[in-house]
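Two complexes are shown next, each including chain A; its partner changes from chain B in the first to chain C in the second.
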Partner chain A sequence: MIAQLILATLTGLLLLGIHRKVIARIQRRPGPPVWQEILHMLKFSFKSTWIPATASTVLFRGVVLVAIGIWTAAFFVMLTGGSLLVIFGIYMLHKIVEHGFGLSSGSPYGKFGGVRSVISAASEIPLFVSVAAIAIFTRSFDISDIVAYQQVHGPLMFIAFPAAVAMYIVILSKMPFGPFSIVESKELVSGYKTEHFGIWRAGLEVCNGLKTTVLLATFLMVFVGQLPILWLGAGMLLLVVSLSFACALTPMLSPFDSVTVQTLVTGLMLCYGAVLFIGVRA
Partner chain B sequence: MTNLAGVPYYILEFGDELVYFTPYTITLFLLALTFTIFVLISMPERQVDIAFGGDAYTTKVISVSEMRFRRFMAIACGLASMGAMVTGDIFNFTLFTAMVGITNVGIVAAVKSPHVQNAAYQYGLVALSATVPLFGGAAIYAAATGSLSMIELAKGALPAVPFVAKAFLVLGVIGEGMAPFYAAKAEMFRAPGAPYVIMCSLSSLLIFLRVIEVVMLG
Partner chain C sequence: MAGASAGITAGIVNMLGILPLWLYSAVLVLSFPVFIIGLFLWWMAKEGTEDIPFIGY
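What follows is the complex of A and B.
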């Protein structure tokens, strides 16, 4: 299990490195090597660690452990074919982690990163509608049941296409350098993670790697079905490259516009959910 | 949908009241417990404010009396959140949700900042109004099905829950701090005291996540 966890973390970091590389090439820059995020994680692991004098020390450290803990739990829920609702819950609770990272240091940059994370809470509701739409078709929240449903009826990507689009946008909103990455935009230095250095930053990198793997693999399992490991890897790579194109070709929105776009997506998804619900009742 | 979010590992009965733990509710409960422990053992940060137009900056220090009051309210908020995560009774869920709203106001009410107090006042009005559909929803559940037990609703043997009851319940929870009513709440996060302020956003998210499970029943 530890080996799977390490492999998932490294895979996620490698995918994030590829994400940066693709964005750079689209923008005609050489970009960093694809293993840059892995090097970051290793580098921060051995750098000196300090905590700002103004920080709430327990929260400053504790929130890193919570971040790794929740995504480790999400990874094992995904591996064991557990409830999609738990992964959805963990995804939403990642907001609290970002908020905690930002507020705990006392830094104004971190604080604004954290507050922006909270105000973009509307981005999570499409995920809920997406999960509910899947459950309307499959009559279950368990990933194992959703996979079994697709073996009989074909990929949910075609059956519930708007739900797949909504979840894709949700994943896009969590990718770095994307149009919705307002929590870590450059006017806030590094946003909510500005003050976390050394081993605590390495912990955050581990969390990011795990999160990327879990979100991409869950998307493929839920909307395409159970894939052999090589096909799963290829699918994740394809997803990342498509996300990189979206990130490279779209400017980062202002916080107000970001929330507005996410709210519009939410409204559309709620309409889709209502149509599905009425259809089931009828 | 008639299933609880997973098979309950453990059901604790208090007469007709009950508490149950599924993989989903345990996850949410543990998160609430973890952050409540953070509130218990951590000291607040000293928030840094930059004075624009110069190089000066100031740090805000929370007085001991203010810290004690806010810590008490944050712990109460954590306990209410934990209760809402594991209760198997819809009326108790609404009670815990209303308590979360009250404690959220309490967490920031002691902060001596007009921005924060104004936001807390506005949020308090929204949360107060939201209790009407919240308790109304629970009342319709009881009137329509004759039961408030989530376990009984999950069995699917009771009459169907009217859509309006579920809508009221969700509306009530949304009013306690989810989109689009979180706007006032976001202003509350200007307040210093990260371990306490974070309980405001955590409790709202947890309650929202739990109501999703609740409305799937019956």
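What follows is the complex of A and C.
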């Protein structure tokens, strides 16, 4: 299982590298090599490190362990076909982790990144409506049941298309350089991760790799169904390239605009959920 | 290395059917971050062994 976790981490980092490369090519820049994020993680892990004088030592170190731990749990839940609610509970917990990263350092840039992470929690609400819409069809929150439902009725992407779009926007809000990436915008240097460097930053990169793999694979399992490993890889690649196009062609929104757009998506999803619910009751 | 040992041992014991799945997952969630940070702490450049800057002949 540890080998699978390491493989998932490296896959996620490779996909993030491809994301950067595709964005660069769309913007007519050469861009970094696709394995840049893996090198980035290794580079940080080899460097010597220290903890800023203004930091809370326990939180500064502990939040890195928590970040890797929660996505390890999410990976495990995904592999064993566990509840979608647990994965999205972990997704919400990641907001608290980002907040912890920002606050633990004592840096104003980190703190602003942490605060933006909290205000962008609006992105989670379409997620929960999306999960509820799926459950109306499948009568279960378990990934194994959702996969089994799709083997009989076909992919949920066609049956519950608005839910797929809402979850796509949620994943988009987690991708770097996207329209909703307000937690890492450049006026905050590196946002909540500004002061984490050396092995602590490398640990954060491991978390990002795992998170990317879990979110993309969960999207495909929930909306397309169980795929052979090669098709799953191809699907994740396709998903990342489409997300890269969205990130490359859309300017980063201001924090308030970002929250407004996500709230509008939530409103639309609530209407969709209500229509579905009334349809089921009728 | 303690993290890796705990994770691998839990995996073997789980395969033998002695350890329930939920306990195996709990061990893994706790041991994997320890393994990663332990590995990085082990191979990172240590403080106090800086290179001597080149100061000419």
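Convention: the second predicted complex is superposed on the first by the 282 of 282 C-alpha atoms of A that agree within 3 Å, B and C clash if a C-alpha of one lies under 4 Å from a C-alpha of the other, contacts with A are read in each partner's own complex, and residues count from 1 in each chain.
To be clear about the criterion, contacts are C-beta pairs under 8 Å (C-beta built on N, C-alpha and C of every residue); 3 or more make two chains touch, one makes a residue touch a chain.
Since we're looking at a predicted model, the values are computed, not measured.
**Q** Considering only touches as defined above, state whether A:198 meets chain B (first), chain C (second), both or neither.
**A** Only chain C; A:198 stays clear of chain B.
**Q** Once the shared chain is lined up, is A:1 touching chain B (first), chain C (second), both, or neither of them?
**A** Only chain C; A:1 stays clear of chain B.
**Q** Taking the superposition on A as described, I'd like to know which of chain B and chain C A:268 touches: first, second, both or neither.
**A** neither
**Q** A:59 in the overlay: touching chain B, chain C, both, or neither? Say first, second, both or neither.
**A** After superposition on chain A, A:59 lies in contact with chain B alone.
**Q** Identify which of chain B and chain C touches the larger number of residues of chain A.
**A** Counting contacted residues of chain A, the larger count belongs to B.
**Q** Based on the superposed arrangement, let me know which partner A:73 touches: chain B (first), chain C (second), both, or neither?
**A** So A:73 meets both chain B and chain C here.
**Q** Quick check on the superposed pair: does A:49 touch chain B, chain C, both, or neither? Answer first, second, both or neither.
**A** A:49: touches chain C, not chain B.
**Q** Let me test your reading of the model: by the given contact rule, A:103 touches which partner, first (chain B), second (chain C), both or neither?
**A** First partner only, chain B.
**Q** Output check: A:157 vs chain B and chain C. Expected answer is one of first, second, both, neither. What do you get?
**A** In the superposition, A:157 touches no partner, neither chain B nor chain C.
**Q** Would you tell me the residues on chain A in contact with chain B in one complex that are also in contact with chain C in the other?
**A** In chain A, residues 66, 70, 73 are touched by chain B and also by chain C.
**Q** Taking the complex as given, what residues does chain A use to touch chain C?
**A** 1-2, 5, 45-50, 64-70, 72-73, 76, 80, 198-199, 202-203, 206
**Q** For chain C, which residues count as touching chain A in their complex?
**A** Chain C reaches chain A through residues 4, 7-8, 11, 21, 25, 28-30, 32-37, 39-41, 43-47.
**Q** Under the touch definition given earlier, write down the residues of chain B that touch chain A in their complex.
**A** 1, 3, 5-6, 23-24, 27-28, 31, 34-35, 38, 41-50, 59, 178-180, 182-183, 185-186, 189-190, 192, 194-195, 197-198, 201-202, 205-206, 208-209, 212-213, 216
**Q** Under the touch definition given earlier, write down the residues of chain A that touch chain B in their complex.
**A** Residues in contact with chain B: 53-60, 62, 66, 70, 73, 77, 82-83, 85-86, 88-90, 92-93, 95-96, 99-100, 103-108, 111, 114-115, 118-119, 121-122, 125, 128, 132, 135, 139-141, 263, 266.
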